[in-house]
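Two complexes come next, and they have one chain in common, subunit A, joined by subunit B in the first and subunit C in the second.
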Partner chain A sequence: MWQYIFRRVLYAIPVLIGVNIITFALFFMLNSPDNIAHMQLGSKHVTKAEIDNWKKTHGYDLPLFFNSEQHSFTQTIFWQKSIRLFVFDFGVSDGGRDIGEAISDRYLPSLSIAVPALIVGLFVNIVTAMVMAFFRGGYIDHWGVILCVISMSISTLFYIIAGQYFVARVLKWVPVSGYVDGFYSLKFIALPVLVSVVAGIGAGTRWYRALFLEEISKDYVRTARSKGLSEPQVLFGHVLPNALVPILTGVVVIIPLLFMGSLLLESFFAIPGLGSFTIDAIQNQDFSIVRAMVFLGTILYIVGLILTDISYVIVDPRVRFN
Partner chain B sequence: MVLLWTDVLLFLLLVLLAIAIYGILKKPYLRERLQDSCSSPIRVASVLVLTTFVVIGVLDSIHFRQDNKVLSVLDLVLLPTSAQMESTYSAPFATELFVEHMEKVDAENIVWVTEKLIHVDPLPVLYLIGLGLIVGSILGFLLLLIAKRYFHNINTAATVSTYTIAITLVTLKILMLHYHVLGTDKVGVDVLYASFKSIRTGLVIGTVTTLVTLPFAILFGTLAGYMRGWVDDVIQYVYTTLSSIPGVLLIAAAVLTLDAVISRHDNFFSLMAQRSDMRTLILCVILGLTSWTVLCRILRAETLKLREQDFVLVSKIMGANTLQIIWRHIIPNLAHIIIITIALDFSALVLAEAVLSYVGVGVDPSTYSWGNMINSARMELGREPVIWWSLVGAFSLMFMMVLSANIFADAVRDALDPRAVSHVAN
Partner chain C sequence: MRIAIIITLSLLLLGCDQTWNNPYPQDPPDSNTLYSAFSLRPKHLDPAKSYSEEEYIFIAQIYEPPLQYNYLKRPYELEPLTASKMPEVVYDPIADTTTYTISIKPGIYYQPHPALALHDYGTSLYHNLAADQIDSFRVLDDFKKHGSRELVAADYVYQIKRLADPKINSPIYGVMKDYILGFADFRAEIQKLYDRNPQLIGADLRHFDILGVKTIDKYTYTITIRGTYPQFKYWLAMLFFAPVPWEADKFYYQQGLADHNISLDWYPIGTGPFLLSENNPDRRMVLSRNINFRDEYFPGKPELKLPLLDRVVFSLERESIPAWDKFLQGYFDASGISEDNFNYAMASGGGLQLSQPLRERGVKLRVYERLSMVYWAFNMLDPVVGGYSEKSSKLRHAINLAFDVDEFITIFYNGRGIPAGGPIPIGLLGGKAATEKTYNPELAKKLLAEAGYPGGRDLNTGEQLQIFYEAAVSGNPSQQAELTWLRKQMEKIGIDLIIRATDYNRFREKIQTGNAQIFMWGWNADYPDPENFLFLLYGPNSQALYSGENTANYNNTEYNALYEKFIAIDDDAEKLQLINAMFKVLNKDMPWIWGFFPQQYSLYNPWYGFVARGSVINNFVKYISIDPKQRAKLRKEWNSPTIWPVFLLLIAVIVIIFPAIYGFVRSEKASARRKR
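Now for the complex of A and B:
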């Protein structure tokens, strides 16, 4: 098994190099450091000296690939800004702050929203999907599917705006937005988690229902019924454990990505997490932060993929290491 | 006439769609399945609603130039509303502006006054709705009369939906002549008019993106699956790398970069509309370039299965080369997957546009879009009394379009996916 994991990690290296090259091409070849300086300095009437100064203080004055003055590959933008990402040296943002520090400050608030939202959402979706699968073909199932399609068709923005308006402003159950550390963060977390669960319920339930129905049509379920098991026994004893395999492996992919937080929720509820960090960076056109987040997100996604493969081997005995 | 890039692509897509529908209707077994799966009342209604949206979008894509402004046929249809603007917010069916403003009577006294709206002619609303009912029914009747010449099986659901749509549209039009049905926004634009204008943006994002996706996904997917070997390795490497980057971040990175490039070449566009249109197009291209990997993966897996089929072997023995086999035998057998994916992606893309506009990497701020409407309206939720009508306009039209697209996509999947039947049967 360790050999298998080692091999999977080795496969990830060329992908990371590819991502590094793509982001480098996007940020420095299509878009010159001069452009970045122009966007940061804002006004159209900046002098050449100001731009040069800005580039120098932010390390953008180096040549792209090869520094012919110093005969080195390390004193280049490619090395300083792109290769350094591999050792998690994210450098400083265009605004001047240390990105690595900001990330370590901000991942906990992100997790405090993302983890409860994932767990509660998963639980709610599985329960509703089980209920619909139990009453399949009946009124509850029929109207359940229709409600799922309707809820899938509503924009996430609507759930957030409506939730914030009615729960926080009209009913005043929780504060509108904000965050504190520690236990009292609960009142700030409750609404974003609720909104996230409600927004995901349509798509999630519909998908899980399809998974359950697929399992129900299999032969072993017929065998279980012909043994004389009752319908709840069949569903909870046989269908649920088997249907959980695709559900859980589907969840494993996104677990590492929870660190990145949710762009929309964090921004609307003013949670100081990585999601709002990213969205602020995008809106301020801070290229350094966006580049760092792209790389971080990719690493987390690849970790998720590796974990998925491992979890498949663990939960599904038919899959072997190879 | 002014031809914007997205107009051209939208019309091209309509032609392709017409060809696809013709191709499906020509095959009796497919026609029967499509009719079966579209026969339930909800699906009939959703097809008709979607058609209405497409018609509005097409009307809004025929552009021409007038007094240095680019207008569309939809602007002509909604004429008094589209040309006139109030100065700022006004509530639905209001006769005065929403905000009072100060007016000095003399040196000491200040009075708060509300300004009358320019573009309101307050006739009784019920009278207007009654008029709309009558005219709308006549229009619906005429439409059905024409439709009966071409379709033989118009059921109750189709009749009821046609009347409902016709009456709704006509009533709204009549009301818009006299009121701001959903009020006006911050800069005084009629909210309902803006919501209608946003339909085209939604359509363009939902369809042109797919047009960008298809060549990459089909070409690379079939080549990887059919050729195997190093071609497969390279293509797999490319799409694994691209799909490893979280979608929103890649889109944001690409949009930010290209924005910087466009802003350096501002003088390239002679018209404001061309510039914002180019921004929409670039957004579609970026969305397409970042999302072809999903379809490509599916097509590759399916091609792997198809290449082992006997008919491929036979045609190889007969001397067909790789491209011929892919064109003649592989792609036709993948068509249903491609069509289903297009249908399913459409609604996701329309929803994504709103989110991207909120993040700040969506369409140009000067383009009418639901995302832009929501983005500018959510700031006003904090004030008392609340200004809710922009949100209602954007969300309700977006909801209608996405819902009908979702239902339609399900119908298409049931009709074309051979495996879908077994699910329903249980």
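Now for the complex of A and C:
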């Protein structure tokens, strides 16, 4: 297993380099170093000399990919801004703040929403899908699928605004938005978690229902029934454990990405997580933060894929690392 | 069972405060605290760098320049803040320089701060920290000892030096180098120091001098500028000229502190009524009363000692909908009115009346004119819409007459603006609103024909006149409607307005390089003087040619001469004559379509005290008062939770689950029967 993990980590290096190059190229296709300087200095009274001075101070006065004057790849913005990422030195933002500190401050609020939303959502989706699978072909299943499709068609933004309006403004059960640490955080995360779960029910339930129905049609289920087991025994004792294999592997891949937070939820509920950090950076054209967050996201995605492969081997004895 | 008990207890505990939806569970309900919101993270809190409203709301309560604007008087009037009197201004005709002598009040002290903490034997406690010590400090509060000292004139001088420091990169360096004597030379000297020592975090500016900035004695300093620039006094009311003690730089420049975001850009140090007690721009910023603040009183009310609040809590609220909801629940004390909420907030039928629900709540509306201007500029360098010939002037006049600015304000700004009659906002000398409606498509067609485009077609080629409109689009649907409206305005006189929509960066580049024909632009005043608007049309300020703020690249020698005369005098009657003369030139050339002066509509909950907001008065928070008892009572009244839907929800769940249970039982029984 360790050999396999080592190999996958080695594969990750060119992926990370590639992602870095693409991020860099896309960012600078849309934003010149002058634009970045303008964002920091503002738009009033700023002269060309000030722009040049800012670029010099922040290392944006170098060529982008190749320094033809010095015949060097290292004396470039790309090299100077990217190479330290590979030792997890995220450096400072273009506004002058330490990015590593910001990430360590923000990942917990992101997780405080993402983890409960994942667990509760998983439970609700599995239960609903099981009920629909149990009554397959009946009116509960029929109307369940219709409701799922309707629910999937509605934008997450609608759930957020409707949730804030009814739960927080009309019923006044929880605060509209905000975040505090400690015990009181419960009342701040309740609504975003609820919204996240409700918004995900349609897609999640439909997918899990499809997995359960696929399992139900298999021979071992027929065998279980022929042994005289009741339908609940068949569903919970046989179908559920087998259907959990794709569910769990699907979940494992997204676990590391939970750190990255949710862009929309965090923005509307004023959760100081990494999702809103990324959105702010994009809006402020802060390249240093954008490249750090893309780099982190890539690593977490790769970790997720490796964990998925490992979980396959653990839950399905037919799969081997080699 | 145990879990159920824990959950029940938790819910009870969470509901222990009066209301479930209270976003400030840890604050006492009747504290003398103002609750407000901010939507954008401040980028800079260093007074040498900061130059935006979003940042001034915090630091203007902390830092104190020598002058301020009187809170109550309009037109705006400068008065001493930390200065003991207004600056003495002396013009030297031989050297052609003007010297401002500023004396500050003795007995003003800085807020408690670790940079000013001293050992018992008098040396600085935290100025020479070892690397391992620095590692243990993660936030400023980790420094347990704080100190203070008296404000001296040298602190003002030190801050002016910081404005020229190339590493600090102040946005006003470009403006000040043209005025303050020796400013550019000072920067060059500091730059040399940095070039010699590339690892240097920041220079000790005490060891260098600016020719035109001098400390005379403990409480007096002078600033000498080239020529005359009467508007310089307004800069002395801006935060760029607030004092910074040298100890702050000495403290923050220690290697490693910046890695923990411990810098002057993050933790201010001032003499003002408040200090930043909590700095978390991702959640909230909290200002608390500065215990070292001197005795200052509300204008005309010696019984009201400033500041009137103990604390101000600014919560980050990126979206307008939740911010509005919190205002209605009483959790924000004041609010603006976003486009989405305008119809809910204001009574239908126009006018300045609040809607019935808000009136019943006792919400107060205040409208104030911002010192800003929104206009449409013609690029005067463009061969079609630009130039100074009679033909091109008629074309611009025709376009101007085809723009129904009133309608534009009504549709896209909910009527929150006053059509402009010139480039100077009302409230300033020479400022005027449009006296009559300029919209006249028939006259526009006539002028268009005289300009060589009868019916919007070129007299020579017969082709329809195409004009390109540059716009920075953000994907907002109302912006699309705005662009469609503009196109239709031009269609009425036969001009094909082609919209060139790009992102803001491209848009700005086009304006900077002069590759545009017509575009919308705006300006917020730095100070309440007509010069701050008239300079936007001064030729040597051309954006395309000289990186100035004249986006229309307008360059009329007559106007330029009048402007140069205008900035050198300080007499209002004479100034007004010159303004009228400049208006005449502008009205003939028409480099802008006079747009409008935006108005700010602000709502205040009933417990909010007297407000006299003004767009250049940034240090207004010290004058705000609230009635915390009334707020606590009304909040409780407005926010009692509605419980009955819980039972409705339970019934709904039962209704949904029951058929499932029934179906399950039936299927189980059916299976048993078959088995038999």
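In the analysis below, the second predicted complex is superposed on the first by the 294 of 322 C-alpha atoms of A that agree within 3 Å, B and C clash if a C-alpha of one lies under 4 Å from a C-alpha of the other, contacts with A are read in each partner's own complex, and residues count from 1 in each chain.
As a working rule, a residue touches a chain if its C-beta (ideal position, glycine included) is under 8 Å from a C-beta of that chain, and two chains touch if they have at least 3 such contacts.
Everything numeric here is computed off the predicted structure, so don't read it as measured data.
Q: Mind checking subunit B and subunit C on superposed subunit A, clash or fit?
A: Clash: subunit B and subunit C overlap once superposed on subunit A.
Q: So in the superposed three-chain picture, is A:Val15 touching just subunit B, just subunit C, both, or none of them (first/second/both/neither)?
A: First partner only.
Q: Please indicate which partner A:Asn35 is in contact with in the superposed arrangement: first for subunit B, second for subunit C, both, or neither.
A: Both partners.
Q: By the touch definition at the top of the document, which applies to A:Phe287: first (subunit B), second (subunit C), both, or neither?
A: Once the two structures are laid over each other on A, A:Phe287 reaches subunit B alone.
Q: Which partner, subunit B or subunit C, is in contact with more residues of subunit A?
A: So, of the two partners, C touches more residues of subunit A.
Q: Is A:Gly178 in contact with subunit B, with subunit C, with both, or with neither (first, second, both, neither)?
A: A:Gly178 sits against subunit C, while subunit B stays out of touch.
Q: Look at A:Met260 in the shared chain and tell me whether it touches subunit B only, subunit C only, both, or neither; answer first, second, both or neither.
A: In the superposed model, A:Met260 contacts subunit B only, not subunit C.
Q: Of the two partner chains, subunit B (first) and subunit C (second), which one does A:Ile314 touch, if any: first, second, both, or neither?
A: neither
Q: Once the shared chain is lined up, is A:Ile119 touching subunit B (first), subunit C (second), both, or neither of them?
A: After superposing on A, A:Ile119 lies clear of both subunit B and subunit C.
Q: Just subunit B (first), just subunit C (second), both, or neither: which does A:Lys48 touch?
A: Second partner only.
Q: Return first, second, both or neither, reflecting whether A:Thr156 touches subunit B, subunit C, both chains, or no partner chain.
A: first
Q: Is there a shared patch on subunit A that both subunit B and subunit C touch, and which residues make it up?
A: On subunit A, the residues that contact subunit B in one structure and subunit C in the other are 30-31, 35, 38, 161, 164-165, 169, 285.
Q: Show which residues of subunit A lie in contact with subunit B when the two form their complex.
A: 14-15, 18-19, 22-23, 26-27, 30-31, 35-36, 38-39, 136-137, 146, 149-150, 152-158, 161, 164-165, 169, 210, 213-214, 216-217, 257, 260, 263-264, 278-279, 282-283, 285, 287, 290-291, 293-294, 297-298, 301-302, 305
Q: Touching residues of subunit C toward subunit A in the complex: what are they?
A: Subunit C residues touching subunit A: 10, 13-14, 19-23, 25-26, 41, 43-44, 51-52, 166-167, 169, 171-175, 258-261, 263, 265-266, 280, 282-283, 315-319, 321-322, 325-326, 328-329, 331, 503, 505, 508-509, 526, 547, 549, 639-642, 645, 659-660, 663-664, 667-668, 671, 675.
Q: How about subunit B: which of its residues touch subunit A in the complex?
A: 42, 237-238, 240-242, 244-246, 248-250, 252-254, 256-261, 263-264, 347, 351, 354-355, 358-361, 374, 378, 381, 386, 391, 395, 398-399, 402-403, 406-407, 410, 422-423, 426
Q: For a test of understanding, state which residues of subunit A touch subunit C in their complex under the given definition.
A: 30-32, 35, 38, 40-50, 53-54, 57, 92, 95-98, 101-102, 105-106, 131, 134-135, 138, 140, 161, 164-165, 168-180, 183-184, 186-188, 228, 230-232, 267-270, 272, 276-277, 280, 284-285
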